[in-house]
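Letters A, B, C and D name the chains as they come in the text, with residue numbers starting at 1 for each one.
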Amino acid sequence: MYSPDKNGSDSQRLLRYVDALREGVANEMERDPRVFVFGLDVDDHKAIQGSTRGLQQQFGRDRVFNTPLSEDAMTGIAIGAAIAGLRPIHVHIRMDFLMLCMNQLVNMASKAHYMYGGTVRVPMVVRSMIGKSWGQGAQHSQGLHALFMHIPGLKVVAPSNAHDAKGCMIAAIRDDNPVIFVEHRLLYPTEAFVPEEPFTVEPGHARVCTQGRDITVVGVSNMLVECLRAHELLAEVGIQAEVIDPIWLAPLDIDTILQSVRKTGRLLVVDNAWTNCGASAEIISRVAEQTWQQPVQMARMGFAPTTCPPSPVLEQEFYPNPAKIAARVHQIVQPEVSWEPDKERAALAYQLQFRGPF
Amino acid sequence: MSIAIPQVDYRLLYRKLRLIRRAEEEIARIYPSDKIKSPVHLSIGQEAVSVGVCDPLRPDDVVSGTYRSHASYMAKGGNLRALFAELYGKDTGCARGKGGSMHLVDMNHYILGTSAVVGTTIPIAIGYAVALKREGNGRVVVAFFGDGATEEGVFYESLNFAALHRLPVLFVCENNFLAIHTPIEKRWATRQLCERVRTYGIPAHQVTDSDVLKIRQLAAEAIAGMRTGQSGPAFIECYTYRWREHVGTREDYDDGYRSRDELLRWQANDQVALIGGRLDPGERSSIEAAVEREIAQAIEFAENSPFPDPKELSTNVFAG
Amino acid sequence: MSIAIPQVDYRLLYRKLRLIRRAEEEIARIYPSDKIKSPVHLSIGQEAVSVGVCDPLRPDDVVSGTYRSHASYMAKGGNLRALFAELYGKDTGCARGKGGSMHLVDMNHYILGTSAVVGTTIPIAIGYAVALKREGNGRVVVAFFGDGATEEGVFYESLNFAALHRLPVLFVCENNFLAIHTPIEKRWATRQLCERVRTYGIPAHQVTDSDVLKIRQLAAEAIAGMRTGQSGPAFIECYTYRWREHVGTREDYDDGYRSRDELLRWQANDQVALIGGRLDPGERSSIEAAVEREIAQAIEFAENSPFPDPKELSTNVFAG
Amino acid sequence: MYSPDKNGSDSQRLLRYVDALREGVANEMERDPRVFVFGLDVDDHKAIQGSTRGLQQQFGRDRVFNTPLSEDAMTGIAIGAAIAGLRPIHVHIRMDFLMLCMNQLVNMASKAHYMYGGTVRVPMVVRSMIGKSWGQGAQHSQGLHALFMHIPGLKVVAPSNAHDAKGCMIAAIRDDNPVIFVEHRLLYPTEAFVPEEPFTVEPGHARVCTQGRDITVVGVSNMLVECLRAHELLAEVGIQAEVIDPIWLAPLDIDTILQSVRKTGRLLVVDNAWTNCGASAEIISRVAEQTWQQPVQMARMGFAPTTCPPSPVLEQEFYPNPAKIAARVHQIVQPEVSWEPDKERAALAYQLQFRGPF
């Protein structure tokens, strides 16, 4: 359990990520009648793994409703409703399905405020879940946040824990711009201390999760959790990794990362996505542009540069995991010593594997 | 249920038809000077559709159009100076020089921003209607689009959703039989568009002669039903004809993809001339003079307006 | 034109119906062991559609399906061992462990790869038909999809293109009234799907009782027309019912979104049982025994097959 | 005029980029009856600015045909035809419209060979043009190649001159994988020496266009031309830029770039696109990962991080140009001296501005 704010207000309690998402939305829907939630399956009994549970009962069918399978039009509808002054939250059970709405997201949502000379605003949240494990395979596993980071006018956020899930959700809903909200399926059951009252985790602020002098490790979304586990494996052999959660990918808080890198002289970015033109490339580039006078060793980890295979043997190879991350860090920090984490300890560090059916 | 449709005011109708025709002719006149650095898609010949449909609208009704939207912008009462200034790329433009001809907008007159990507604005219009339905004040949205847009899947997704939620949307297809230079026969398996739309439970009408009064009447009836919340979306397919080239200002009858005879047939039925002909000559010429003045002032305004400050490049990326 | 449709061979029909039913029941049996680490979408209860449509197909005809495609895979004669091995994530799987249940493929039997993104395979099927039309050997493509897929815009784009080019495609909509748990009433503005398809000039039929013989007859007639190049695409909407949960293997009647009564009504009309009942008992049990053997061998094959070498992760990213 | 291969075979003649594209396609269509061309407007009298001129007359309506406005389905159709053994070339008059086909490109075309275990191939070419200047604005100007570089299984190529336009086109058509072919509208009239006979410019090979010791400058697509003009401005003040054309963006030939950077110790990447998670980020990252022991100063230029505005004043600010590139290089190489290229010389170096209407 990683809890960024355990010493906060009295009202904090342990909450699961999935419930924190729900609570953030419910808080805002109470506060602001313009907020509404729609998307495939938001009102059925599975309720997007529980993340929309009870919202329709609480807020009515006008504010929480299912849709036909028409992602492209539904995204346009969200944009139109937002221009008209509402604040839609459009939910996708898989991030892969955003490929059906790219035209609306890239050509309209991101550009409307600018190309209409500031005369309209598009306050909308696009929730999307990254799937993983248990053979979900090629089209139910993609982390495609980099595609959105590339486009000016979109904000992108990928909270790694329940606290941020709620705080980022509220910030995203209150934001006057389109926000791509990236959730990871495996984070849903993870718990953290979360304030009961509404609060925001604002764009543009990364968080230093652990202090360390040997290397800066940036973990995106679920990979932040894996990096924290790697951090523990490394601590046992005396390597101190400074683990940073960027939280918001656009706008990106490069300063916090830079400050850390200036101290450690080493950087590993671990993303829940492909590395090529990915968030990891962006982070490395910005650091490289700023730190050239000081030698900084930099590396990236992410999905293997392949389509995601379902066979468990191959899936295991496809993803970074705590053992691989720890080994890589060790190799960077102490290249002269060959080391791999103990298999059993590494296994313990693993995230609980999801077991189907889902 | 009999619906009271207000009487036609031929002067108003003519004023708008004439304004659009003349404004676009002026754009064509200025264009070779290279002062308008923006790809223009003229509606000369197609004015009747926008004017007929917008005539029964309230000021707080909403219209949504395409990159070929000078006409609907003016028909809905959009700011003419801001239109010309936008074409000139000036800071006083309706999108402050950040839109151009293909991205006109005037939210003060409830003219939604237009798009250069065909079909893209249709669901956005529907989304606006979601908000209007909730608001419950009888406002409606008109979504204009071309025949080409009905080939994009998003059109069908939009029809289904609008019908399912009984949204106050009037869909208006301006069928000029062309997508750029490609004739409809190469793009549509059949001509049964209205029949298809009806399978969504959406009433659909066709106007094949571009008669502005017929268009106005059909639009007015459909809108009246929506205002009361009695009826859901409706659809009108209007045959029409683009007199100039797809983009730019030429008459392109020598390019070989269509014949001037066709043009002449449509010109014989020119709604601008026909409605003008219904007015008494004095009234008519005073309207025409007023239109000329308005256009001249708009052009002067555009000419004299400043370009945006280069720093404006980086404003409006994010709101708030 | 009268079309000669081959006589029904009830044994063949039953063999396929039974194979699909039993293979999926076996999948459900194995599933809790966690050996199949792949989200399965069972067609138990829907077998009649695939079997009826595939019966008149030639081996070199092509089928295209969805993530719920165990049935069409088997109905078209796909390799059963490779199916099970794929579910097990083994190197001997039809996609060598790189597809999983949602991405079955068997190009030797002209079974196009399936997709987990709804609607996505429909235009791909059309594209294959473009090649077949050019080839001119009378081969046809069948595109299977669910009621939900007809809500995606790409479906209409595909219909239009197939009709425009008169391609040899049979569209088969398996309408089980559900998309995951969402009933059709929340998704379709009307039920006039066949009427809508006809507006593309595509003949459309509806089978509301899931009768495998009716489905077969309609498919056979449509296909016969296409083989001669006489007719273009055709469409069949088949009402059907999914007995198990959307994904996974449970009977989910306690989840509250549908009633067991509905199931019982459909089970009373179970095509597997009905066609089985037409056979003489001896013939029937020998078919059933053969089916069990085939399935048992396939499972054994899957169990005993090796997992892919980890190095296989990086092969097949690029061809050639 | 930049001509990469002016000393080649006798059969070379000056050819415009647009004609080289056409010739490459025509050559392959003659050789291989499986190749066909389709897309909006390919058979009208404008013929995609002339790049498909005459093909229908030569090869017939079955092999060159117009389509309805249905980019999503048409892309699926290309994939299906490719799986069936044909070799489609699907043409888009603007790259922006690819956002309508992302589902088919990202979820199917890129993955089919892999997720069907190697049992199918998807040899298809997606031609797409980047627009620029004269107020084309927000939705007719995007260079979106980075979105495709992010996805394993897609190849991406962006030839900068007529020679490569033909050679890359032939290589793309012969490739057994989906290739996103990025053309720049302003390159269409530019000429180079191009062999008459068919030839290929193969994936994975960058080209060193000019030798230089002071800085490595990588220019993507049209920006290569701008970099070469900047190179001339810089040469006049004694700065030697080694200008490299990556040609193929995926797979990317990083070795050629690395070799140059190891020599010059400085790198500027200029892209015809946004920099965030862009091709420039990828190139900088790869270099940074490899050269950390040697101080290398690195920088990126690309579109301003805004939507593209049509007003000429703003458009001018939005794009890199030779003067801006030269000034930036000078600042990197000689930070102590402040310099800007002479306005008149810089103006001469500019690419001929496109004058509408188009």
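Here, a contact is a pair of C-beta atoms (placed from the backbone, for glycine too) under 8 Å apart; a residue touches a chain by one contact, two chains touch by 3 or more.
Keep in mind the model is a prediction, meaning the values are calculated, not measured.
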Identity of the chain that, by mean CA position, is farthest from chain A: B
Averaged-CA centre spacing for the pair chain B and chain A, given as whole angstrom: 42
Separation of mean Cα positions, chain D and chain B [Å, integer]: 36
Chain B and chain C, separation of their C-alpha mean positions in angstrom: 45
Junction residues of chain C, two or more chains touched: 93, 97-99, 103, 115, 117, 151-154, 157, 160-161, 164, 186-188, 317
Set of chain D residues in contact with two or more other chains: 67-68, 70, 72-73, 96, 99-100, 103, 107, 114-115, 137-139, 152-153, 305-307, 309
Chain contact graph, described as a line, ring, star, complete graph or other shape: complete
Residue numbers on chain C that touch chain A, as the complex places them: 31, 34, 37-40, 89-91, 93, 97-103, 115-119, 148-149, 151-153, 179-182, 186-188, 247-249, 255-257, 307-308, 310, 312-314, 317
Parts of chain D lying in touch with chain A, wherever the complex brings them together: 96, 99-100, 102-103, 105-107, 110-111, 114-115, 137-139, 142, 144, 146-147, 149-153, 250, 274-282, 284-285, 287-289, 292-300, 305-307, 309
Chain C-touching residues of chain D, taken from the complex the two chains share: 62, 67-68, 70, 72-86, 88, 103-104, 107-108, 112-123, 152-153, 155, 175-177
Chain D - residues contacting chain B, complex: 40-41, 44-46, 66-73, 96-97, 99-100, 134-140, 304-307, 309-314, 316-318, 355-358
Interface residues, chain B side, partner chain C - complex: 151-157, 159-161, 163-164, 186-190, 192-193, 195-196, 199-202
